[in-house]
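My questions all concern the structure below.
By letter and in written order, the chains are A, B and C; residue numbering begins at 1 in each of them.
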Amino acid sequence: MSLDTPIIDDIGEEIFALAAKIYPFCRSITGNGVRQTLREVGAHIALDIHEVPTGTPVLDWTIPREWNIRDAYIKNERGEKVVDFNQSNLHVMSYSVPVQQRISLSELKQHLYTLPDQPDLIPYRTSYYAENWAFCMPHRQFETLRDETYEVLIDSSLTDGHLTYGEFLHKGETADEFLLSAHVCHPSLADDNCSGVALLTHLAKRISRLRTRYSYRFLFIPGTIGAITWLARNEDHLPRIKHGIVVSMVGDDGGPTYKKSRRGNTEIDRAMIHSMRHSGLSPTILDFFPYGYDERQYCSPGFNLPVGLFQRSKFGAIPQYHTSADNLEFIRPEYLSESYRLIAETANVVESNRIYCNTVPKGEPQLGKRGLYGAIGGDKDAAVANMAMLWILNLSDGMHSLLDIAERADLPFAVVQRTAELLREHELLKPLESF
Amino acid sequence: MSLDTPIIDDIGEEIFALAAKIYPFCRSITGNGVRQTLREVGAHIALDIHEVPTGTPVLDWTIPREWNIRDAYIKNERGEKVVDFNQSNLHVMSYSVPVQQRISLSELKQHLYTLPDQPDLIPYRTSYYAENWAFCMPHRQFETLRDETYEVLIDSSLTDGHLTYGEFLHKGETADEFLLSAHVCHPSLADDNCSGVALLTHLAKRISRLRTRYSYRFLFIPGTIGAITWLARNEDHLPRIKHGIVVSMVGDDGGPTYKKSRRGNTEIDRAMIHSMRHSGLSPTILDFFPYGYDERQYCSPGFNLPVGLFQRSKFGAIPQYHTSADNLEFIRPEYLSESYRLIAETANVVESNRIYCNTVPKGEPQLGKRGLYGAIGGDKDAAVANMAMLWILNLSDGMHSLLDIAERADLPFAVVQRTAELLREHELLKPLESF
Amino acid sequence: MSLDTPIIDDIGEEIFALAAKIYPFCRSITGNGVRQTLREVGAHIALDIHEVPTGTPVLDWTIPREWNIRDAYIKNERGEKVVDFNQSNLHVMSYSVPVQQRISLSELKQHLYTLPDQPDLIPYRTSYYAENWAFCMPHRQFETLRDETYEVLIDSSLTDGHLTYGEFLHKGETADEFLLSAHVCHPSLADDNCSGVALLTHLAKRISRLRTRYSYRFLFIPGTIGAITWLARNEDHLPRIKHGIVVSMVGDDGGPTYKKSRRGNTEIDRAMIHSMRHSGLSPTILDFFPYGYDERQYCSPGFNLPVGLFQRSKFGAIPQYHTSADNLEFIRPEYLSESYRLIAETANVVESNRIYCNTVPKGEPQLGKRGLYGAIGGDKDAAVANMAMLWILNLSDGMHSLLDIAERADLPFAVVQRTAELLREHELLKPLESF
């Protein structure tokens, strides 16, 4: 198996194309935007769509009413749309209640959000659990609004309905699972998280064609309430999750960034960090903190799953974050491809990570008689070439995994794994479980 | 309870005034100077005075004879007092035996101490356990002594009597104790330790008016022999001591400095370090070493109590140490006040430190429906405002105390403690013992 | 006992003289060069010589045929010896099979080794386990070879015989052993390892005249196959080995370097590092890695002995390594003497390292009444002078060895050890086993 050999060469382009396709949809934590998005994902993989009715209790929460929107605008006295939902779905605060009225500028201002420090950008705002309505607009435009009467329309609905999420399971040789999770609740924000949804779709597509040791579960869910819903409905299932990664913002030119699981030294943490450190990039590794994406839910103390967060730029740390500048120009195929490769390599590490035992643990085995060693001693380069073999033989005492050895020897996991295969063919290694 | 809200605003001035009042007394490890000092302390708090007879065995030691002094001088041939005890009690080596005789300069020099590198200062010298007498004087003056005959008088007495120490106990809700200890054996040295005696007196006064969880025991004792005496007489009592701080040199402009207990990672060590790190100052943290003040006795291997040392400048590390330059100009109300605040805050930390359990450990609780969360999402500042809540909920798994959480979250303890109270009011936290 | 007081003052000269005497012999992993070398070692100590027959199985290996060589040369058409074994035994690849033939330059070049980057040096090459023959020569000379026919002679033999190694045991008070091991298989390479053989010989000579706690076992063995042979023949014996050091390259001006045992924090590791850190030199400390000298075998996972590697320059890291530049000018008596002292001091540390218990653990003992303390307090230097006593008393709680205390107090072990003796004489310390 080699997860990091993409199904196609231009995997970055493919991921970008899907991200671009779903970018215009007006997603929220419920509603048709999510359904539209999952339909596009489902065009690539056999996605299960779940619909959970409004009012269903989920852990400490309750599924809210479903929100949909058809149109919205602010018209001035001359009938000009000074703000138009059709131009950008960020213009309307998510979960805005329906409104149609004529109001003064001063009243209108109670319902306007801008970013004075980034006067050309539209901010992204939500009000899921408090009934309200608002428009978001560039501060520069806001400053030109005249003191007149405006016609305001938000043609939305907030009604009993469903919360929708998508799930894809690839069955591996074992029931142990690798969880990959992306949020699908943000409207037109390309990096956060059209990029993550598109990347996981193509990774799932690739994995679905491979024989794997682990089963791989992909979740395309609304942030927070979606993760809580899935956790509530799958509580008995959680012990099977051995590794997990939340992905978001995987297409920009920053990072890469990895935030460790709450446990902090799990195999997924070590595998992800190893892949990033040997990537030639300069990764940022963060200890767990209880703010961010759905790792907050997976790592809540009652679950404490081994789930980290992979990103390129760290959320909140860049000016484009949660603004209209997080658009399709902000993400690039080359970065999507690199993110794909890092996650696939990490999956390769945990797929291949094993504890072996040296079958000749007393003294070094004679590699030469097995054709494993340069027969001419004294060559200054021989040491380097043979180091992987010597490290594996020396540390394969039933207590060190291949990843432990790769870390200790400061060698790429792939080198250690290939060398271990060679030693195993020569019966110098046996898996721990064979003893 | 809020120990760090001083009983009066100008606490530094009050501490300074008491330090100044006791500064002139000629203290030693026994004698009337100690009694005079404890009388002044007793004017503020209900101090118990203990008198332990000469000859009493205490651990490996024996209470020595009591030393008192009335007068001392060196007169030259013209009858001029070239050294006069009434000018400074540092002029006579502590525990000097009585002497009255006429001697040559060369004989006299056998009994003179000076500081050639600090020629204007009088050194502080003692000879508690070897019978001897000596004068201490500025080196510059020493160099002007003519080769003539001198009349030497030390009107002291070294007789069977008592060792005297003071003790004050504030009873809290539990019998678990917080020990605070200051030495009262140094003569006119303002920072070392009139400052410490005065600070503890006012802290005791403040605490005596509060309801506290811990009981607070204050010791005003002669260095070394006093601590050994108290330990010998209270050995059965020691398991009650959960936290302790020795204070000395708390009024100068250096530090602050904290020397950890021998155990090195006790709650008092962590609480004191936390308070200092969040003070806006630049504290120096030292690992335990077996030289210093009475932490040497409290932390001897047979007791190994959780007791650290708080100072501003580190003893021995400043030129004023154990010289006449350690006078009332060397200490300042503002530094005394700051030291008071740091110790009081530390007491607050251990008073309030608890382990709580999150009552909604699976997923995050919905803070919004309890009015605990900004209802409008997407605000970049919301994360900051809610971090304390999220950290406490995430780490309150029955294994992390509030101090653990404050350290991990890098938040001031007071913020964590107040936030925990709020969450407890909303029944999102329960103390560990309630489960 | 004081191992670091050499038997003679000019120990470095003595070691050098022995290294110089054995330098010319043509050693390999078997053969008369090894026997000649061991005879010189045996002139100083009562060495046991072991002969193990060809074909004997040893762990995963088999004793190879014995190799000896009498002469070798390359003659040009004018009968001139362009390469002559009698000039340097490095000219012939070790274990070259016999050959006598006339060949063209192009054929000859298949059997020539040079160092293009170090054109004046002869490289050192071996081919123990693959039948072959070759000459080694300076690249500058290689470039002058004319295209003509050459007469090639290697008058060697490769026949059933023996592998030879030497062993010396000094019996101490206990059967617990300190292992010291040097390889004797390199031909004329002065630092690697005539220096190590000569140093261990003189250390053994010194130790043989002392009463020691540990027994000391010295091995003079061919690299790899010799260590494997000794391990195979002494497997039941290995649990007695409590400490061990492999020595090689101990006469050059680099380092010193210490590579830790595989376990990484054994007493020998800590003792060696302590001695080096307090030597006034700038030691390099390396974590274990599975390439190098015979520590590879001693630290194989099935044995995992507490054996480190002491060197001056790190092998492979200097241009002289495995070339004709590793000659008698490359090693110097002063460096040999320094290496001797570091190893002897390390042996002293483990000889004297004990856990003591303070007999007066409650409070400090009164040192003054025992004459152990400066009676005049207040002297700023008194603290320094008494620190060793205070550290030992404070940490001698049955859990800290003298080496632990020396490390914690940052004091030389010898100071701590002498001070512990003094405290023991005053019955303030008892060995742990006395309780």
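Convention: a residue touches a chain if its C-beta (ideal position, glycine included) is under 8 Å from a C-beta of that chain, and two chains touch if they have at least 3 such contacts.
Since the structure is predicted, the reported quantities are computational estimates derived from the model, not experimental observations.
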{"item": "Contact graph of the chains (line, ring, star, complete, other)", "value": "complete"}
{"item": "Fraction-based call for chain B against chain A, same above half, different below", "value": "different"}
{"item": "Distance from the mean Cα position of chain B to that of chain A, given in whole angstrom", "value": "54"}
{"item": "Of all residues in chain C, the ones touching two or more other chains", "value": "none"}
{"item": "Footprint of chain C on chain B - complex, ascending", "value": "59-61, 123-130, 132, 224, 227-228, 231-232, 235, 262, 289-291, 296-297, 299-304, 316, 321-322"}
{"item": "Residue numbers on chain A that touch chain C, as the complex places them", "value": "358, 360-366, 368-369, 375-378, 380, 383, 386-387, 390-391, 393-397, 409"}
